[in-house]
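Next come two complexes, and both contain chain A; in the first it sits with chain B, in the second with chain C.
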Partner chain A sequence: MVFRESVKKFTGKINEVEMGVGERAIKIGGENVMPFYSFDGDIGNRPRIGMEILDVYPESWIGSLKEIYSDVANNPVEWAKYVEKKFNPDFICLRFEGADPNGLDKSPEECAEIAKAVAENIKLPLVVAGTNNHGKDSVLFEEVAKAVDGKNVVLLSAVEENYKSVGAAGGMVYKHKVVAESSVDINLAKQLNILINQLGVKSENVIMNVGCAAVGYGFEYVVSTIDRIRLAALGQNDKTLQMPIILPVSFETWEIKESIATEEQMPEWGNQEERGIGLEVSTAASLLTVGANAVILRHPKSVETINGFIRELTA
Partner chain B sequence: MSRFIVIGERIHCISPSIRRALAERNPQPILQRAKEQLEAGADYLDFNIGPAERDGEEIMSWGVELIQKEFDNVPLALDTVNKKAIEAGLKVYNREKGKPIINSADAGDRIEMIDLAATNDAMVIALCAKEGIPRDNEERIAYCTELLERAMALGLDPNDILFDPLFLVIKGMQEKQVEVLEAIGMISEMGLRTTGGLSNISNGAPKELRPILDSATVAMGIQCGLTSAIVNPCDKRLMETIKSCDVIKGNILYADSFLDL
Partner chain C sequence: MGLTGLDIFKLTPKKNCKDCGFPTCLAFSMKVASGAAEIEKCPHISSDALSKLAEATAPPMKTITIGRGETEYKLGGETVLYRHEKTFVNRNRFAVLLCDSMDDGEIESKLHSIKRVNYIRIGEEMRVEIIAFKYGGNRKRYVNLINKVKESGLKLTYMLICEDVDLLSEVLKIVKDDNPIVHGTTKENYRDMVNLVKSNKYVLGLKAPSLSELYDLVGEIQKLDYKELILDVGSNSIKEAFQNTVQIRRTALKEGDRTFGYPSIIFVNQLARNDKFMEIAISSLFIMKYGSIIVLEDIDYARALPLFALRQNIFTDPQRPMRVEPDIYSINNADDNSPVLCTVDFALTYFIVSGEIERSKVPVYLAIPDAGGLSVLTAWAAGKFSGLSIAKFIKEMGVEERTNCRKLVIPGKVAVLKGDIEDSLPGWEVIVGTDEAMHLPRFLRELDKEINGAGSIA
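Let's turn to the complex of A and B:
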């Protein structure tokens, strides 16, 4: 008997979403199969990698990273230009740590100026990440969206508490991309997409952050959530879940004790930098294989490794 | 499992305004009912032109083109006993959004509708009946098997057949209701898909009771395996029930706004 390879066909397809403008604009999504399953159908656009930078000096980052960025880390524009030139990721994620009300509490106007300057000085698409303070983020994103008008920036992110203002300013008035963020809750992920859509933001302008965790921190639940979302999007052709997924991996993996503890504190855990890279790489690789269309990473070595991983799997 | 398929029944020549519109080739009343049903969430629209012995071919192709052109090639069920009219409709049908459904074949005079579906790669509703109402489920399943065998011999995919156990009116045939549900269960256990003219069950009941009876019956039917029905999609209670059943069965993922979709 002749062997016949069985092929899994789905009726649904993930939306294709464009980030940025000009020759370095990128597209994410577009697949109609499970991640990297090129033997089943069209895997769409290659998963993308973004690199994280901050609006302030990266005080809490590990020594080796501070060293790499020592000449530029006080100036977000120079920092962004350096990352673009030196590491050439698919996009840059500018994170407004300095806007946090529990920290420097920079004004939305000041942040908007920075975002504008960064966007104007790089060719790569820009993702702007907020503070995780829902009230602050809603005014922050309104100002940023206005300042970077025409740059097709990704706003990370709108949550249940502020999706109206973020969605209205970001997705409707200034036509940027809005990330709908839920925290590992499949029903809320769907609900938030419906609400943002009912607000008037078109589905093709929405990306999802369905919640992220570092490996070892409830990670199986994250994986099964993404898996179920993808199966509903593809298998049930659920249009309210067909948005591509972006996950800020570095926001999680560099915050846990396994990457914070120094070698002096935990000699048996070995080199701190290697640990951090290991956590970032294993988290990102796992999330990409379950359905993330874009990940945000911090360490250049992680970017290089994950790039190779994607290259091998899409070759 | 796939979502429940709602086939809208409201373009039917039994309605005086539709009958007149068909005779006069007046698009407006037909398009109006198509619009209402689609907005209410119908997946397929049934286009019933009656026996149309005189000008069936012309009416069917006119109506198929009219509705599909106006509503982005919405998939249709072509509903008449006139075989030539079905053939004419199939010729102009656009398959972009789904295969046409032939409504309907039975194990009697209309068995050749199965052949028509097979030749034209169409779906078909297969009534588990020959002459009148089947006596019991043994007879229903015998007809079901007969129709299935004929279809498979002609190369028709069993998934393209929607078996209709024949819903019966509660008011008058109350004692037959459970039997019909059991028939749905038996057909579903064979891995086959089912449908039926659900509104039959509430015929003759006061208007305000019909949505209640229809909703209860569809819910019980879905639990037995019913995969689609020919219904009035403008019945809000019924549509809410169908969506809720889809959530409970896991055919669609729950979100607080699931009724809005």
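Let's turn to the complex of A and C:
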């Protein structure tokens, strides 16, 4: 017998979604095969990498990162410009840690000013991440969406509790992209997509965050949820699940013990920075393998590594 | 695969002797076909028919065994491409590679790393399982290297990577009782290789310049009736190795072609070209997608913490969630004045809750009763996390001897249990905690202030 390649064709296709404007605008999605399965068909746009910055000084970040950003970390605009110039990711994710009602509780207006200034000073597409407080995010995104009108930013994210206001302001009035966030369950993801769609936000303006975890922390649920979503989107041509996926990897991996335990606390584990990068790289590579179209990372070394990883697999 | 009752009936003696316990050969055959009876129940069936049956009913991917005793592992035997379809069965194993061309310092350092990185995570040993010996051209050093590791007493399965049959027959004397993997079978040497390992049934590693040549090589070796095999997916590029690995698995499981029904071996160390973080990324790729043996350059905690944890997650049976041992866990050096917090034994809950407690830096005893490995609300709904069971656990585990504090924090989602627990635990104050673990640090710091005035932490 002679070997014949096993080929799997699907009828469905992942939506193509554009982020940002101008020469540095990017597209994600567009594939009609499982991730990196170029031997089956069209792998679409290559997965994209965003870098995380904050609206406030990154107090909780590890020492080496604070050092890298020491000259710019007090000013989100300078920070964004620095990241764009120095590390050249595909997009920048500005996270409003300072808007958290349990923290500095900055006003939506103040945040909107910052978002506007950042968007106007970079060429890269911008993702704006909220506080995870649904009420606050609802007003925060309304203000931000208005302030960055015309910049085609991505709002991370709308959840079941606030999708109406985030969807209406972000997706409909100002025509930004809305991330539909659900918690690791194919049915919840589908339901929220349908709700946002019924609200009037077009499918091609929606990206999904189907829930994210660090490796070792219930990661198998994320993997199986995305596997099932992808198989339904491609295999059953389920239009309500064909949105590309964005996952804020760094929000998870830099919070777990393996990354935050210092060398004094865990001497046998060795270098803390290397552990943090290892966790971030492994989680990102695994999520890209299962179907993420965009990941958000924190450490420049992780960005460099995952960039190489994607380049090799899409060569 | 998929033999019908009639197919099996043709292989029986058709005498209706009832020795199998069934009234007729046909009835028996129907039962065998449905999996309700073992063909061995028929004492008259010929060995020829038996092997025909075994062949026809064999799973699409072979399970091979490597190593012996404490270091014995099974690889392969998978039946699905995605874990939610059923489950992945045999987890991948990690190897670190040594070569006679490395200097003594490098070899020592790698052996030391292997020994050092060895820990338990959710009841599972996390360590490198395989040591690979690559022949680099110095016969004497190669033999000495294997002897040295063998004598070190490290608990490892051996993989010999060498195409020289004479040299292999020499070094196999050293590890003959350890059921090593013998890697380096090519279309040039495969007859000699099969002869070398046949009597001991060692697993042979196969390699070829391309996937179709690998396919042909497996075919040739199967003709020699040898089936203890593992397939090297190649190291030309990450893309090609990935494509080959997926093709091999899919050919076996979806096309039903057992020529590729064998586990895989991936030399991530070569693909990563001395870039440690790239090695972590590529290893993750192959843990997710069908790698059986993943060969690393070296091991340290930066690699081990993510990779072993990822493997543990991926190879968890979706029907049986991971659980932690019921116990009273001391976190942040809890002492005789620390409060008690209670949650369920579902591993994910435990990890998230214990992580948040660690972040709070507040010393706490974390009480984990047996809640059936379910999440808080599911366990409560199933009656496995009740006021009575919590109270009983606190009493039986002697919590009152370990701390003088009589405050017990329960998950916010089961606030309804407060009364029940207080009734069964006289002297205790039950405090309803937060709904979400992420709010625990703030909650615990306030509780700590309440107990210790200024607070026990700076």
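Here is the rule we go by: the second predicted complex is superposed on the first by the 312 of 315 C-alpha atoms of A that agree within 3 Å, B and C clash if a C-alpha of one lies under 4 Å from a C-alpha of the other, contacts with A are read in each partner's own complex, and residues count from 1 in each chain.
Rule of thumb we're sticking to: contacts are C-beta pairs under 8 Å (C-beta built on N, C-alpha and C of every residue); 3 or more make two chains touch, one makes a residue touch a chain.
Because the structure is predicted, anything quoted here is derived from the model rather than measured.
K.L.:
Superposed on chain A, are chain B and chain C clashing or fitting side by side?
P.N.:
fit
K.L.:
Determine, under the contact definition given at the top, whether A:S203 touches first (chain B), second (chain C), both, or neither.
P.N.:
In the superposition, A:S203 contacts neither chain B nor chain C.
K.L.:
For A:N133, select first, second, both or neither according to whether it touches chain B, chain C, the two together, or no partner.
P.N.:
It touches nothing on chain B or chain C.
K.L.:
Between chain B (first) and chain C (second), which, if any, makes contact with A:T240: first, second, both or neither?
P.N.:
Touch status of A:T240: first partner only.
K.L.:
Under the stated touch criterion, which partner chain does A:S64 make contact with: chain B (first), chain C (second), both, or neither?
P.N.:
neither
K.L.:
Is A:V290 touching the first partner chain B, the second partner chain C, both, or neither of them?
P.N.:
In the superposed model, A:V290 contacts chain C only, not chain B.
K.L.:
Using the superposed model, give me the angle at chain A's CA centre between the CA centres of chain B and chain C, as a multiple of 10 °.
P.N.:
80
K.L.:
Comparing chain C with chain B, which touches more residues belonging to chain A?
P.N.:
Higher number of touched chain A residues: C.
K.L.:
Is A:A232 touching the first partner chain B, the second partner chain C, both, or neither of them?
P.N.:
Once the two structures are laid over each other on A, A:A232 reaches chain B alone.
K.L.:
Touching A:N75, do we find chain B (first), chain C (second), both, or neither?
P.N.:
Touch status of A:N75: no partner.
K.L.:
Give one of first, second, both or neither to describe whether A:S183 is in contact with chain B, with chain C, with both, or with none.
P.N.:
Neither partner.
K.L.:
In the superposition on the shared chain, how near does any CA atom of chain B get to one of chain C? Answer in angstrom.
P.N.:
Across the overlay, chain B reaches chain C at a minimum of 12 Å between C-alpha atoms.
K.L.:
Do chain B and chain C land on any of the same chain A residues, and which?
P.N.:
The overlap between the chain B and chain C interfaces on chain A comprises residues 228.
K.L.:
What does chain A use to touch chain C in their complex?
P.N.:
Answer in residue numbers: 1-3, 5-6, 8, 36-39, 102, 215-221, 223-224, 227-228, 231, 255-258, 260, 268-271, 274-275, 277-279, 281-286, 289-290, 301-302, 305-306, 308-309, 312-315.
K.L.:
With touch defined as at the start, can you tell me which chain A residues reach chain B in the complex?
P.N.:
186-188, 190-191, 194-195, 198, 228, 232, 236, 238, 240-241
K.L.:
Which residues, counting only chain B, touch chain A once they are in their complex?
P.N.:
2-3, 251-257, 260-261
K.L.:
Name, in rising order, each residue of chain C that touches chain A in their complex.
P.N.:
Result: residues 82-84, 116, 121, 211-212, 215-216, 219, 237-239, 242-243, 246-247, 250-251, 254-255, 257, 259, 275-278, 280-285, 287-289, 300-303, 305-307, 309-310, 312-314, 316, 318, 348, 351-352, 355, 358-359, 442 of chain C touch chain A.
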